[in-house]
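Chain nomenclature is as follows: A, B, C and D, assigned in order of appearance, with residue numbering initiated at 1 for each chain independently.
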């Protein structure tokens, strides 16, 4: 298979994982050797996260095998995972979280060691991160948490990491920080480490990956050197009929009256798509949450809601974990079809089925539990929840987190169509590419609006300039 | 992040100080070695029970059987431990182990702790009635001596409270395993993913709760000199209130051992403060509720400050 | 009257561990009335009442400690436990405070005890039944709150009585927690499995509930020994008028608190008072029923208020 | 769906078993009598249990500890107002329900305005309600008007009237939880209040109405119990503190909904009465009775949970 001095760190042999009738992984063979930097791509629900879980031992394969060279378990073999759903302990400090992962860290003085180790790791990967290792995780922004989790993944923890699996690590990082990570991955692989990098952002994958593995419906459909793929070829391999890139904004200029104005200066007109940008954690999410809370009541059951919310931080803000997909979708429209306060269950089922097809939720039955969906498909459910509601203003807090390329195009089109029909969108995104599709963009810095861009001014450079300007001046 | 929200311990400390000042103002005689001991010595078992409850709340569970358990321990201490110390110790050890087992069962079968501990409260209460059908028994002499010792400078109650807080703090906040235990409350899934045997951690947390529950029962007997099957039933609710008063939260592994001990002292002091007020007997019970509400209302200041951040 | 002036500056506190039933409320009321009068008459400087929320020895111990701090000269005590308060009582004695316990007494030797012979109260019930039901029969026992001293004592007396009168057999025993609704429920649950019952022995506060349960089950009403609650007495009178029902009612009078007050006053006045005093329990018979009913407020408990002279008499009897 | 996976099944099975064991002792004698008693007394536990279930559904940390005090206060004020005068039953009911409503509003105000954890808020408030009850009537036990007492102890179509009330409420709660928009909102709030709020659920309205419902249920139970047992006593609600929680958890409550445990509350209410009766009938002492009750409770819960896990 491979040459003798670099035995595979992990090798999967025809490994499969079934959840009841769902074949999440349907016989996958994969070998990761030192120095490999594998880009793992595939549509939402292709089985990427399941593959990660098989490798790190969180799930046992239904058939086939997973073998390690450096020990019997992933831990012993130096295999680390950074999960798609954030998995730190929010009540502990950053350093204490390292202690959780570093099971061998013991004895007096462990706090000092933990502190030094995590700080070292953060400094290496994200120079100038500004994270205090003594601060509790729940006081950090989602981007900072993601950074901490990545830093823990790469930290030595007793033995150097040999393989780090990153499941959509950049989904809540802004471009600058994501670049720092990509840089580090390249260096790590150059020094003989191995990385499995999962992302829906093709640019990133092409930048770091030496080899790209494409998963489709639980099977590997392509595995080649990155250089052998073209961008379009990759998207084709993933099996998505990419919606023809609808001609972008800039043509439509007639907007209705102003429907949103906040103290901060955030404004939006009827039919407008307003973007919020800037570095992650600079107050965009808070501004949107405040707007949502001020426009909806916790006491009055509005028959016609003014605003709806699409969450990006799924476990914290979006998913009702005990419920089915159906109930997760219908929660925002229950009030409308109700007669005598009773739920119209036929209408409810109709709406859920309709959105399942419209937005392409990968499940055979909407009465399945929501947690049986892959991360990206859960996100689609949240979209469906919001778009099904008749509210004129849609607030979106980084809603494309973990959504695959094909679906993204579909959702963009859907948003534009809804906007044309008179809905207003407020859209915070960590991806500049998305923000550039908006009609107007507010750039945030230090919890304040530092720039308002329109039309042709909406460019990556202008946004970056407005995000950073003070830091450069000082 | 505001200063107050970061340092949750300030609230319990301030509540206790204010209440203490008010008590001293109402009853200057309390401001003495003798007075402080009288005010606080019955808080020692409550503080221990509060730490026990905190161990359970730390892993996102709640223990409705703690009062019955402490009563049972008190009955064992006042009878078997007093008559045949070796057998008594063995039984107390078995009780701690059964607590640990309870934790493991709750985790393994994924049943809510509130249910199991509710059932266990009947079991402990029944066993206590077996051992001591009517009040009685006697405290072992060494225990009585220990609980009535008069250390220099500060009375036993104060010294004991400081020691309890210190030990619990070292165990839960400073030590490595304590950190992992808090991690179980914060995010059990990630602790499991890191390779920790969560079932054993849960058993450990429950075992520690059992240990502190046993200490609470023993301390209680040392003070009261005898026991009955109902002696500590109130501790269930008192201990929960103490944990919350001390800045703990029901979910998420956010607990403060020092705060919990201070919470227990505050609860005890609140009752005394009221009796110094000499209310009409109709309202004495209600006033206890009012004071509890008042003390907890101070949390509001912290919440609002915290929410702004 | 020389003693009165001797205690004019003395302050007495009542430590009460429970307020959740009519008996305790009557007790508190009697204390208040007698205490206020004593203060008005210049016999005492204060007679304050303190109550804790639940029936718990630990809270009462803390309460006693507070009373020591407040500098009371005497503490009158209805104790949650005969032994668990001994630590606190000892501390009070050591601080020079006179402690008088009543109803729920404490065993600490330094305290005075005004005891009711609860065991005799249980035994007397069976003796009464023996005079009424010479053929004997099956008895149902309703007990109080498990784990409490009074419950154990009365039950012991009842079982001794049954041992003596072997024509009786206790065929069922339930805990009614001294509450009508709990007794009613417990009796209703056990009745279907019991043979015919000729008598019910009780502890007070539970007879009416038992009667209701028998009625609901459609069984003939047996001879139920009652516990002086007004609703029981009223039910008895109604039954008597309707079908000549005859029974006995006995319990300790809540007014015994006033006796304890006077005993404490006597101790403070320097009188020599024996440590152990007894009060008879209050017994209502067929003949005294109408009187008792007339003197008991609606929904309360039959009561007696003791005077200073009564107290002196009780002390003299004990010497 | 397989009936064996219904979490409420086990409390009903346990109740039936306890019933059979008692009848085994009497070889069938008194079957009707026993069932009638169980249905009467179970009704009170079921009514407070239904309310407590709604609160527990609100999520971790939500429980109402003021149920006993509410029962006592409502019954005391209602019976005092009626003063045994005939024809005042409706007035009394109105007063009891108003007290329940007021208590619920007060509890919720403490929780919402002062941000107190519900356990502590209701515990502290219950001490105040208890004081109010003492102050208002000093524990005097006033008899209910005769007509009301006859209703509370009477029967209709062979079942006790209080059972009909309990069944009616169970159906109302079942519809509310399983079919109504409010029920969906409640279940969503219970899973994650923040998510529910962001999904447009009026979470505070839901919480307020839930805390008011439980108090109104408790007040109704207090009113009926006082009428049933011949008067309000200060300690009349005491045993319903643990009972209300026990019937909810034994009933197999899970806050997911769509798997309603309303029948479980009734099953558990009957069970709690029958198990004590059974142990009394077999002559168990207080100690043995408690130990066995606890063991059986845990047994039921384990049986229910492993059954659920296997499917």
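A few notes on this one:
Definition applied: contacts are C-beta pairs under 8 Å (C-beta built on N, C-alpha and C of every residue); 3 or more make two chains touch, one makes a residue touch a chain.
In this text, all values refer to a predicted model and were calculated from it rather than measured experimentally.
Within the contact network of the assembly, the step distance from chain C to chain D comes to 1. Across the two candidate interfaces, A-D and A-B, the one carrying more C-beta contacts is A-D.
For chain A, the chain with the farthest CA centroid is C. Chain A and chain B have Cα centroids separated by 43 Å. In whole angstrom, the spacing between the mean C-alpha positions of chain B and chain C is 34. Centre-to-centre, using mean CA coordinates, chain B is 29 Å away from chain D.
Taken residue by residue, chain D touches two or more other chains at 127, 130, 134, 138, 286-287, whereas all remaining positions touch fewer.
Annotation for chain B: residues 128-129, 133, 284-285, 288 touch two or more other chains. According to the touch criterion at the top of this document, the contacting chain pairs are A-B, A-D, B-C, B-D, C-D. Listing the residues of chain D that touch chain A in their complex gives 175, 179-182, 184-185, 187-188, 191-192, 194-205, 208, 254-258. The touching residues of chain D, when paired with chain C in their complex, are 22, 25-26, 29-31, 33-34, 36-38, 40-41, 127, 130, 134, 138-143, 153, 225, 228-231, 233-236, 238-239, 273-274, 276-277, 280-281, 283, 286-287.
On chain A, the positions that touch chain D within their shared complex are 289, 292-293, 296-302, 305, 308-309, 311, 316-324, 327, 331-332, 334-335, 338, 341-343, 345, 385, 389, 391. The touching residues of chain B, when paired with chain D in their complex, are 60, 64, 109-112, 114-116, 118-130, 133, 237, 240-241, 244, 250-251, 282-290, 292-293, 296-297, 299-300, 303.
Chain B contributes residues 1, 6, 174, 176, 179-180, 182-183, 185-187, 189-191, 193-196, 252-254, 309 to its touches with chain A in the complex.
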